[in-house]
Structure formats: C-alpha cells, structure tokens
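Sharing a structure here in structure tokens format.
Which chain is which? They are A, B, C and D, in the order written, and residues in each are numbered from 1.
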Amino acid sequence: MQTYQYDQTNICQPTLAPALATRELEVFYGDKQALFKGSLQFPKHRITALIGASGSGKSTFLRCLNRMNDRVATVKGRILYHDTDINQRQINVYQVRRQISMVFQRPNPFAKSIRENIAFALKQQGLHDRAQLAARVETSLKAAALWDEVKDELDQSALALSGGQQQRLCIARCLALAPDILLLDEPASALDPISTAKIEATLAALRHDYTIIIVTHNMQQASRIADYTAFFHLGHILEYSETEALFTRPQIKVTEDYISGNFG
Amino acid sequence: MDRMKQNLHQASKASYQDYFGKSISLFCASLVGMLVVAILYFVMTRGLATFTQNHISLRSFLLGQTWNPTQIGANGQPEVGALPMIVTSLAVTLLAALLATPFAVGVALFVTEIAPRRGGQLLQPMIELLVGIPSVVYGFIGLSALVPLMRHLFGGTGFGILTGTLVLFVMVLPTITSLASDSLRAVPLDYHSAALALGATRWQMLYKVVLRAALPGILTAVIFGMARAFGEALAVQMVIGNAVLMPKGWLTPTSTLTSQLTTGIGNTTLGTLPNNVLWSLALILLVMSLFFNSLVRFIGRRGRMQK
Amino acid sequence: MKKGKIFSALIAVTITGGLLASCGSSNAKNASSAKASPTKITAVGSTALQPLVEQAAKDYQNKHSNVTINVQGGGSGTGLSQIQSGAVTIGNSDIFAAQQTGITASKLVDHRVAVVGMTPVVNRDVTVKNLTMAQLKAIFTGKVTNWKQVGGKDEKINVVNRAQGSGTRATFEAAVLKGAKALKAQEQDSNGTVQKIVSSTPGTISYLAFSYVNKNIKALSIDNVKPTATNVTTNKWQIWSYEHMYTKGQPNAATQKFLNYIDSKQVQNGLVQKLGYISVHDMQVTKNAAGTVKQQ
Amino acid sequence: MSRKTTDRLATGTIYAFVGVVVAILCGLIGYILITGIPDISWHFLTSAATAFTAGGGIRDQLFNSLYLLLLTLVISFPFALGCGIYLSEYAPQNWVTGLLRMAIEVLSSLPSVVVGLFGYLIFVIRFNLGFSILAGALALTFFNLPILTRSIEEALQDVPNLQREAGVSLGLSNWRTITKIVLPIALPGILTGIIISAGRVFGEAAALIYTSGQSAPTVDYGNWNFLSADSFLNPMRPAETLAVHIWKVNTEGITPDAVAISAGASAVLIVIILIFNVGARFLGQRLYQHLTASKSK
C-alpha cells in the first residue's frame, strides 16, 4: 500500500458566482474527526459531484450543508449562504432547509398518498388553496419526470411505487418547495440502471434552475452529469476542479489512482 | 437578497412549533419524573421511619426470621424480621420469570416469525386478554383449582412457593410476550434475509441473528414481567398460604412482601410501628426492583458489546 | 387537509382534556362546596361492617335527601386512624379503639351499632363436632397438631389464622387464647377467602363471623354450646364483639341523626339481623375494651 | 446432530411452548366464560347491586369501570404521549435520561396497594378529592404511565429514521415531523400499548379500594350535569368498579348468590376487554390507513 500525502491539495476557485461555500468545515463524531478543513465553493446553477471511497466524508460533508448533522455530530467552520454563515446556532435552521433541500440515498417517501407527499410540506407552510396545491403537485411531478407515470393514481400510497419512482417522488417533493439548492446523497445507488438513467435525465433538466450538489460512488455518473467534481479521501478534500479537468488531468496522485481504479 | 438574510436570522413558525413541542414534551416528561419522585419519596420517608423513629436495627429487620410487629420479642424490640418474605418474594419472582421467559419468547417467535398471520391476529390479542383479568379472579381460580391439584400431586396443603409461582407465571406471561414480540418485530427484515441467504436454517437465523438483535428488548420485557410479579399481591396472597415462615420446600405456606403488605395495611394505624414496617416492606420492594433493573441493564449492555 | 387535522385534533382534545381534568378537580370541588346544601358524611373502615352501614345509608338517604353519606371500607385500622386524624366523619371498627396501638381512645366517642358472633369452622371432612375451650386453645397455639388428639380421625390439623390486628383475630384471641401466643400459621384477611380455604382444604380449622358459615363448612360447638345468636346475647357463647362507629368528639347533628337511625328499632330488628349481625338491643351483657363481661 | 435436526427440534419446541400457552389460555378463559356466561342476563347487566339479597346486578359497576377507564386514559395518555415523545425524540443521551427511564420502570413494579394508599393519602385526603372517580383515575394514572410511556416510546423508536430525515430536510420543524409523520406510523404500536394498559386498569382492584372506593351510590343516568352530585358523569362521586365489586363479593360478600355474581362479572369483564381489544385494533388499522393513505389494494 502506498502512502499518500494529504497536505497536497488542488482546490480550484470557480469564477462563477457561488451559491454556497464552505470555509474550513470540520466534523467530529465524538472524539473522531470525520472531516478536515473542507473549503469549497459551489457555483450557482451548476451540478457539483462529490466523489470518493466509502468513509471518505463526502456524505458527512453534504449533510452539513443543510445542517442535517446537528444532532449527531459537532460541526465547526463556516458555511456561507447569501453572505450569511448558516452554521451558527442562532440561524433559523428550518429556513435553511427550505432553501437547501435534500434527497437521501434510500427513497423515503412519507407513508401517505402520492399527492399528500408533495402537498404536505406546502400545507405546513400555510398553502391551503386546492387549485394552487394541485398545480404545484403537477408541476413538481412533471419536473421530476414522474407525472406521466402517476397522474392517474395520485391518491394511492406512495409506498406502492417502485424504488426509482419513489426516489423521483422524493425529488419532486423537494422541488415543490422551490428550494435554491438541491443536495442529493447517492440518490441512484439503490436503483437499477433504467431508473438511474431517468434520475440523471431529471437532474440534467433541473440544472438550469437549481444549484445541485450530488454525492456519488459512480464516477461515470459524475463525469456524465457534473460540471464540477470534488474528490474526498479519508475526510480530506484533495482535489476540486471542473469535471473534465479532474477526470482527464488529475493533479494529485490519490485522485489519479482512484479514478483509474488503482486505488490502494 | 436582504429578505433572505433576514429570514435566515429570524425565527419562523417552524421555530416556534419546535420550541412549543420541545417544551410541552419536556414538561410531560418532567411531570412524569416528578410523579415518580413524589411516590418514591413518599414510600421512602414512611419506610425509613421504622429505623429512624422506631429505632429498629436494619440488621434485625433484614435478617430476622420472626414477624410479629404487635409483640415485643426476646430482645425487647418488636419482632419484625422480614427475611422469610424477602426470600419468598425473590424466589417466586425469579422462578416465575425463569419459567415464563422461554414460553413467552417461544410464543413471541411464533407470533412474529413462524406464523405472523394466524399467531399475530389471534394468539396475541388472546394473550393480551390475560392482562385484564383481575388478580382476584386469578387468586380464586388458583385457590379452587391449582391448590387442590398441587395437594393432590405433591401432598401437603397445596399452598406454597410452587403454587404462587404457577399463578404468577400465567400473570406475567402476557406482559413478557407482548413486549418481547414488539422487540422481535423491530429487528430489520434485512437481517433475516441476510442470514437465510448465507444458508442458515430458520432456527439458526432466529437464534443467532434475530434473538441476538432483540436481546436488549427481551431483557426489558423480562424486567417488566418481573416487576409485575414483584408487585402482584391479591392473587399470590390467596395461594401462597400467607404465613410468615421461612419456606422449607416447594409447598409449605409462606408469604411474600406484597401479600403481607396487603393483608396488614388495613388493620394497622398510620404512624405506628406495625404500619411503618409495612412501608419498609414496600421500600425493600423498591430497592429490590431497582437492583434487578440495574442488573438486567448491565447484562443487556454486556450482551450488546459482545455482539 | 382534513386527514391531517384529525390527528392534531385528537391530540388537542386529549391534552386539553387532561389539563381540564387536572385543574377541573379544583373547580368541581369549589362548585360542590359552594352549593354545600347537602351535608356530607363519610364513613370509612371495617369491611365487615361496611354492608350494614352502606345499606342503612342508602335507606336513610331515600328519606333524607339533604344528606349524602359515603361509606367505604379499608379496614378497621384505616377507619380508626382516619377518624383520629379527623379526615372522615365516622370511623368504622371491629375492635375497641383502646385495643389498637397508636389510637388515643379518649378522644373518640364509641357508638356500638351491632354485635357479631364468631365461631370456629372446619372442613367438612373433620369428624369432630365439639371442642373444649382448652382444646381449641391448644390447637391455635400449636400444642395439638392432629385431629385424633381431640377425638377425631388421624389427620393433620391445618390452622388458618386471621390477619394480625384484624378485629376478628383480636376478638378470637381475647376469648380463646387469653394472652397465649398464637401458632405461626397461614393468615388471611377476609372472611370470603377463609371460607373458601376452609371448604376446600381437608383438615383445616379457622374462625368466621356467623354470617359467613355456609353449607360447605362446618361450625364447631365449644364446651357443647352451639354458636347461635341467642347464646351470644347471654354470653354463653363467648367469642363475640361489637361493631363500632367512632366519631371524633361528639358528632354533629346530622351525623347524630344518622347514628340514631342505625340504633333505631327499625334497623336493629330489620337490617342488622338480615345481614347476620346480632342487635345490640338484644344483648343481656356488655363487654368492655379489656374483655370484662358484665350483666346488663 | 445435524443442522436440519436442530432446526426441526427447535421448531418443535416452539410449537410445544405455544401449545402449552394456548392450553392455559383456553383453559383459563374457557373456565371464566363457561362458569360466568350462564349467569349473565339482561337483568344482571341493567340492575343495581344488592347488599344481601340474591338477584343483584352490576349496572353501576359496569358503567363506573368504563367511565374510570376513560377518565384515566384522558389524564394519562397526553402525559404518556408527551413523555414518550420526549424520551424517543428529544432526550439527550445522558444520565438524567437514564435515571428517568429507570424511575419509570421502577414505578411499574410498585405493588398496587402502595399506589392505592399513596393515592388515598394524597388525593383523597390531602387534595380533599374524597373517595371519587377522579381520585381513582389519578391513582391509576400512576399505573398506566410506565407501561404507556414505554410502549409509546418503543413505537416511536420503531419508525425508521429516514422518515424523520425526510420531514426535517423539507424545512419542517421537528415537532411537525413527529406529530404529522412519525406519530401516524407509530399509531398501531401506540394502540397496542393503550389496549394493554386499559386491560390493566380494567382489572385493577387493590389501588381503587382506597381511592375510588368500594360503594356505588345510586346515580341518575338522566342527569347530564356533571357537577351535580347524583349525576352519573360527576367525577367527584365514589364509584365501585367491576373488579372491585368482584373483589368485594368474593372476600366479604354475604349475598347468597356471591359465586354467581363473581363468575358473571368476571365473564362480563373478559368480554368487554375482548371487545375493546378487537375494536381498538380495527380502529387502529382504519385510522392508520386513513392517515397514511395505504389502502390495501
């Protein structure tokens, strides 16, 4: 096994206006540090992929971005959104999550009807107009490319859908709230290739309106859909650049070994 | 832009909701805690009065074997030896739990794993029915059916630890069964499939994977069952003979802490020694269940670590 | 939308219900004390006396609607300690207040409302029909352990005693044991349980109030005196006691009226005897707390 | 011994255990029903109890039992729910929480007569509630809380964490996520807890003898004003429940038909618990389907 140098990194600063940025983000689970000084800028209306082996800290990093780690870990450092450090106690975390929405690795629709899955959060925010709700359900299901498949069974339980459909429903559920940023944690890892392709197509269509940050195991997937890619290794972000550059001209040895499959 | 910044800093409806939810649930929890503290304090002050006001030595209370609170013994102190009751209470509780656990786990496995349809829909509600039968009914059925049976089978009077254990066995069965099946149901289905995929037989899967995973839950079920057995009075009182004597065998009349407590409490005057010692019995009960509780928790933690 | 509301409504109802019930308690109390028109009498204590007082109270309230009488059990000890602390209006007891430790009898006023006779009872398989007082004492002190020692068949004697401090036991020990220490044996609190145990366990002896003797068990004669009400009134049958209703100091007018009612001919010759007690009016002797019997 | 044999043996053992339990169950319930059902009649259910003559019924006791159960649940359920939610969702993992859990478990092992006496000295005497349904319900709350809290906590914990994350990640408050998403899924489990605790409340006697009392004054079933002394709804009146009645009839009863009354009342009790059990399950399923839109297809 080769020993790698972790102090050597290649992090680019995208010139595009950032939608979100982290400054020296560190995460601790008890005494164990899971993430070291992660500083990244995510350009607006672009897809950024976070790649790396299991346990490299990429999911941990992603979950910090909308404060999903609040209860399980200690998160230090700054997360800048609209010139505000949202990693502070006094920040309204619910507001953060409304703007920065998350789709999880395993599809987790609510045990409610398809319609209710989407309308639920809207109603909680005070939208009760039936016509408006119906419109939002339709547009977000269309945006997630699910409308045609489910439009006749909106009152069926969401749990009866296939895994791929459930995952797209989860995406639609986020979209209905019109967030700014969409975080996806390996959304396709539990799905078959056809469902995966559909999800990728959905994401590609969404990139014009949303800033998307996606964690993935699958390097082909990253190279297919992402504009920017960051490589995580053992809690360190070693390389971050435009996807094409990262895959064709990696500057760091670890990255090169990882993407060429020579890892370890 | 500014609006967004403001929103991020301002509390929203959701913040208030959460504040509300957290406070109300904390309020409930602390109220429940306070209730527990109140009743514990109550039992403790009364139970300790035996030692602080009546100056009974703890030793003679815990190790003495004669129980006769209204009479003065040879040493000039009232005779309040609780040892026979402590021994009997421990014996019937442990025996009932030991006896009931395999049956309860067996039924729980049947209900959750082997025949969830038939078992879950018919057997479990039936067993839960047992909880609702008043203890006095258990007592009288025990008295009119079990005691003669025991007398017939083993001689003696038919009253004693064995009969008490059997009655308690039936009484704790539903508690242990339903809590154990709850914890078995909570074992993720993936575990089952993973074990079966590795070629395990159903029993290996159940024993090595499912039961192992549900162990802490099953142990809690047993604690709750023992707790019920500990606290049960009316039924045991009728079949155990209710004589404060050291148990000399399976079927000699003896008495548990609770049965003596229930018998005596209406016939004594508050604030006097015969009444205070009854509260001391309740205190022993508390301390004992606390001990069991910690013990089972400790075992549970060890079991989980080894997994 | 409707669906969502149902659950929150459910929670809201239960929570407000809970809060209302817990604070409502004080409201309800205020309301009832504000009305305050019916006088409230609470009688607590002896379970043996409860049926009599309860039935008498029911009949009494039918005629006097301005009184609410609440009769509860709890045991003689509870009755005496509660009347001593003033928490209740009347404390029912099977024993003299002076016999109970921790009770200052001088502060309480005794109202004797009935007499109850007790008899030794045995399982039907016991062939003995009569015992001498000395034999009975020997059995309950553990000196005699087999029925053949007192003229019966060869069978072990199974003694079932009554709970320490209970009125029945105090009466029995005063009349039979006369200060000797009782054998350690089974102790049961209630007449019903003793009745069941004696009827189902061969060789068993215990003692019960007259009214609990039924065809499944056998009452014994002592020194050839039969346990009958007539024998109690003359003290030929010595195991009997009063049923007491204690008040703290002199009772108030309403309570006194109720006590008078219980002492009336109507109740003493009707209800008291129907329930298996003996009327205090029929007694030709009196007994005091020390157990001394005097001709009236 | 081969794995197959062990498997067969173990399955056989489980079946044997189940067989024994079923035999006990049928024997017990059968015994109660067979001895009791012949004594149940319309007259038995609808007439008042008598003190010393035969032919008394259980009307008041039956109603009191149901009313007391309702009141107990109304008082204890919200607190148990709040406490269960706190323990499952909010409580930090520290010694205070551990202590609270342990205290609750210890509470459930208190003998009922101690709870009864505590209730008597505190509620009946100190708070001056008198012997009343309310005092009884408060005492029973002590009983109910541990098992109810525990089963609610357990039911909540069984809901996958993914559901909570889904709610929270949409910007919903934790509270909304718990009440609107987690709770409906946990409902069947919570209902089981309620059934079990309700059964216990129904069968409890020792704690009630000193709190709600053991006499049943005549009440007026037409009087709906719950503040009026003879209204059947008045929570401040003493009330003998079915279980207490069974206890009383068995221990001190002098009615000639005590055995029949006790058997009939026990059978009625069992039948009611059965109805309650089945009803609650059915209702739980319906409510669950309603809340989760998971109609069986």
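Here is the rule we use: contacts are C-beta pairs under 8 Å (C-beta built on N, C-alpha and C of every residue); 3 or more make two chains touch, one makes a residue touch a chain.
Being a predicted model, the structure only gives us computed values, none of them experimental.
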| item | value |
| --- | --- |
| Neighbouring chains shared between chain B and chain D, ordered by label | A, C |
| Comparison of A-B and A-D (more C-beta pairs in contact) | A-D |
| Most distant chain from chain C, judged by the mean position of its C-alpha atoms | A |
| Length of the line joining the C-alpha centres of chain A and chain B, rounded to whole Å | 49 |
| Length of the line joining the C-alpha centres of chain C and chain D, rounded to whole Å | 31 |
| Numbers and ranges of chain D residues touching at least 2 other chains | 78-79, 81, 171-173, 176, 179-180, 184, 250-251, 291, 293 |
| Residue numbers of chain A (touch at least two other chains) | 94-96, 99, 116, 120 |
| Sequence positions of chain B contacting 2 or more other chains | 13-15, 18, 24, 140, 262, 265 |
| For the chain C and chain B complex, residues of the former touching the latter | 15, 47, 73-78, 80-81, 84-85, 100-103, 158, 163-166, 181, 184-189, 193, 196-197, 200-201 |
| Chain B residues within the chain C interface of the complex | 24, 68-71, 140, 143-144, 147-148, 151, 157-159, 237-238, 241-245, 253, 255, 262-275 |
| Residue numbers on chain D that touch chain C, as the complex places them | 51-52, 71, 74-79, 81, 120, 125, 127-131, 134, 137, 179-180, 183-184, 209-210, 213-215, 217-218, 226-227, 229, 234-236, 238, 248-254, 258, 290-291, 293 |
| Chain A-touching residues of chain D, taken from the complex the two chains share | 160, 162-163, 165-173, 176, 180-181, 184-185, 291-295, 297 |
| Touch list for chain B against partner chain A, complex | 1, 4-5, 7-15, 18 |
